[in-house]
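The block underneath contains the structure these notes are about, expressed in structure tokens.
Order of writing sets the chain letters: A, B, C and D. Residues in each chain are counted from 1.
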């Protein structure tokens, strides 16, 4: 494996360019863990392919004076509707781990969503932050531990909780299994130290009837959490309009439309294809974010046009992190922001409020 | 050719992973016979491709307490709606032949449908069974022989008859012809010993007007059989709603929607695409099963969502058999069941009754 | 280049298998002439691809007693609705040229349509025929010559005239140009000896305003011909419903839906996609045939299902001819007939009259 | 790099054939500048792919006497509805630069649209012209300079102004960035000497808030220009029907439907897919031209059928220029004209007025 770069070469002009460089800098088994999707990876591919099925509609000769990409989400001022998605174990990608990522977030004015499965203590990540942080967690079977984790996040200054609801059990992660992935000795989920885990079956055994399955959280767990924190609760992984409405009924302050980057259940449609129905059902009662397949500034525009308030970036951040640490992540974010500005300028959108379904091309007629 | 494996390597994490290993363990001409499809193999490819056109709709945060995949079909208790499809001559894949397959069926609680063209006597296969068996046959021009075969199956304890109706004559099997396939000396259809065959034309000659074609069974043959057995009769290869209704009128107790794995008539749609119309026409009067292209737990879920009571697995069983005998088949079945459980858990389905068309995603809107 | 084969190897099991063998036996420049299509060859590829978009609908358990593929077209008894399409210069494919083709036609009971641009005199081809022949021609600017050609065809016993109307000028034949094709010394259009040709521009110059363009035939030419022959007139190359109706008004006795094998105007839809509208417009007033892309027995069935009375085979005949002369052509025709019988048997069609739109699958529903 | 050819080899039979030859004759970084598209080049590919989705409808046996491709646009007599699109810096493709191109335009009776970013002074190009020229420009932030440029174009005899409105800022030009393109010392935008430029940010910095963005032209700039020239004003880059109507309201004399060859905003639909709605909105009040993806005579016909009065050719002109200078460009134009004549002849169109939506095939029915 090659060492991280200390400057960005001209070959890296777009987010997608980082993948090749990252693959040369991450151990194959770790790559299988970080980068692969569930099953046949149909959903993972669709996340990207679906964006290309949404052609744009430029409108020209509009004034761009005073143009801005700024927004406020849950009280956090953001320079652009682009956040860092929660992903596990940044130490697998770069020795600086989440410290590099959070430094890049601060340098670019981006909000980072820190994963429960970070390689570093959530408090240590927070200490290095120059901007707003959100904390991602699962409602664990060990409810006392969960409550303690929430309290730690609040104390460390995290501004919102992102509750992942679409992966109560691990997906069909064939690539990991084939590569024989296991966490290397120096990497573990330090934030989960001390948590009690329900017994799972032996590897390869079935799921139904195990304590693990019997203890997965249901809607009542959301109600339980709602009573235990003042922070905004954002449910991540909601893809169905009915579930979105129920989330609001149970007190969710936001929704992230996501198929877990295609890592949970293969066969879910692309996140961008799921977004419109959910946004429609939410009817602007709470913010709707999305992740999955965003690689270009025009993708950010497309997501906004279909009802997203902001997008989160997952794999490309890890690719940039592995390639060049904090420098890579900051560069990647800056490139995406610049592309997004250009996309707004060329579709005649001066502010985020100008971006609506009219930015997408109608189907061609003859 | 390589010998069978005695344990399953990590590279085999899914049913599809067996194909590459099997190909190294089956003689090329036998592979052409066992694995190829008719004509240009469009139907064979479609069987798999069509599943990927059916995206799923997860619903989250539902309780999975007491979840189960169990069902009862024709009086047989099954742990999951997954059966072993009838395929010919398992001896071409592994020296243990059908004995390995039936042993794996028993170990996993799966029902095996034994082919008339098994390499072993139907009685010998039955003796090794630990669970329910069904027997597949063609209504042969030699009706006395057919009646005798049915009587033997009944006597040996088979619990249902699967009558294949979609291949009264062989399909356009170009791959076999090109490979010059012929059964090796130690393999033959032992269950058909003593049967009278109508004269067919010389190889390469035409079909119309031959005694073979003149004697193919029609609907009256189903009525004839209905009067000669107490066992449930399941017609396999029905793909048309009108034919499905007629099958019920003629006394069929079940339907298997199947295009014979793309081995009979190339150009038939994918089995999963044919299923909904047939299921709709049957209107739950009798069980409807399907085979063709099932490779993943999400495919089992898709079939259930479109009206199937269960699915049958063909080629992957042969691939696993060739790769690692009974161990391979049992592993393959277990993997599929585990994937199916996961698919149910992530779509919020606690029992088979919860799986309906609502598990499939609607077409994306904008 | 390899010599022709004297027997058919098992690798050749279908019409498409001949292509590879033929390519090794035809000079590259001749191959470019015989096999290429116009422009980017989109139409040529579509001719084949479109068939695969027409899935079949099998209906089972129907009696096939007394099944037959026979028909009568323009007074000619044919064993199957499969004819040999007119193609130029068989001498480029095999030294026996059209004599080999016509011998194979006789041996299989197929009607051959002999091209005006045959390498041999139409009378010599007719002398070797054991079955019905039709003669293909263009209405040439030299009308006296055209009339003489028709008289010769009548005298030689041809049973119908096929008038090609879709190629009054040569198409954009880039492959020929790139290969620098020119007829070899021993091959020429012997049937056109003595014909006066209008001056064309120099190579690479424009078409409009040249005597060639000014003299291309229009509908009045059909009326002119109608008065000069007792033979049935079949217009080949009609693709538009309005043109089809006009053809009948001008006295045509039959229509061949064809895009000239994709050799005239690239961008025309696949012939099989054009067929239904034309057949509908003709409303069985005259027979409708089609050519373009037929490679399988199921394609013959599809064409019948969409309204064709018969199909013609072009390139595969040349491939078989180049591969093994008369033996190859006879084998190719026999293979196609056998496949067609099988397609009828597996869709439950006893005679051609049973083949209708009900043999095609409806679009899948969910 | 290879030197330009001095004659056209038979391998070059179509416009697309030039690409391979050109690539061997242009420096890689210059190739990246001249040939690449924006972003992932989806729009660039779509421009070509979309034409293939528009099948043609031939109508046969129509008289072609007196056929013609001629037209008059903005007072200019053109032999065919084919113009040379404005492209920058022909000196990157061939040492003769725009002099070669304009010579070829004259030799073939084609109108050339000269780019502001020509490698030569607009007056020098005009001096070498044998036919009509139009001048392309951006309305620059330096309005005095813009006005002077217009005056120079008028004085030099240009017959129309083509105002590019779809690229007020550069697109996401990753290929250029990766190749590290910079203009070689001997090539620069000589026509822009002396123009004042607003400060842009440093490379890689953001766009919003920069003087560059604040000064981009809006609709009032069109009104401003309208008062300062007698020449016809043609807006290039209009893709939206509303914008097209507004263009007419602001005094535009013509519209060019264009996505800048996929070089401005990736994600815009193919130009040919955008054309019908714009043509419909314009309702023949002013001429509508299009560029993007025209490679064949049938593409010219398709564009006419969907409402274009003429098409412009971009990249293929540069490819032909690099391959063989003026000879190459003249050959390419002649080939395209000859193909277009053939397309008209085979669809039965005697003049441009005969080409309408009826030349396109309806969707296939069953």
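By our rule, a contact is a pair of C-beta atoms (placed from the backbone, for glycine too) under 8 Å apart; a residue touches a chain by one contact, two chains touch by 3 or more.
These figures come from a predicted structure and were not determined experimentally.
Student: Once the Cα atoms of subunit A and subunit B are superposed, what angle does the rotation have, between 0 and 180 degrees and to the nearest 5?
Tutor: To bring subunit A onto subunit B, one rotates by 90 degrees.
Student: Of all the other chains, whose mean CA position lies farthest from subunit B?
Tutor: Between subunit B and every other chain, the largest centroid distance is to D.
Student: Mind checking subunit A against subunit D and telling me if their interface is mostly the same residue numbers on each side, over half, or mostly different?
Tutor: Looking at both copies, the contact residues mostly diverge.
Student: Report the inter-chain centroid distance for subunit C and subunit D in whole angstrom, where each centroid is the mean of the CA atoms.
Tutor: Chain centres of subunit C and subunit D, defined by C-alpha means, are spaced 42 Å apart.
Student: Please compute the C-alpha centroid of subunit B, do the same for subunit D, then give the distance between them in whole Å.
Tutor: 59
Student: Do you know which subunit B residues sit against two or more other chains?
Tutor: Residue numbers touching two or more other chains: 54.
Student: Is the chain-to-chain touch network here best called a line, a ring, a star, complete, or other?
Tutor: ring
Student: What pairs of chains are touching here?
Tutor: So, checking each combination of chains, I get A-B, A-D, B-C, C-D as the touching pairs.
Student: Show which residues of subunit D lie in contact with subunit A when the two form their complex.
Tutor: The touching residues are 39-40, 42, 46, 50, 54, 165-169, 171-172, 174, 177-180, 204-209, 213-214, 216-219, 221-222, 237-240, 242-243, 259, 264-270, 273-274, 276-277, 306, 357, 360.
Student: Please name which positions on subunit C make contact with subunit B in the complex.
Tutor: Residue positions touching the partner: 10-11, 13-14, 16-17, 52, 54-65, 67-69, 296-298, 302, 331, 334-335, 337-339, 341-343, 345-347, 361-362, 364-366.
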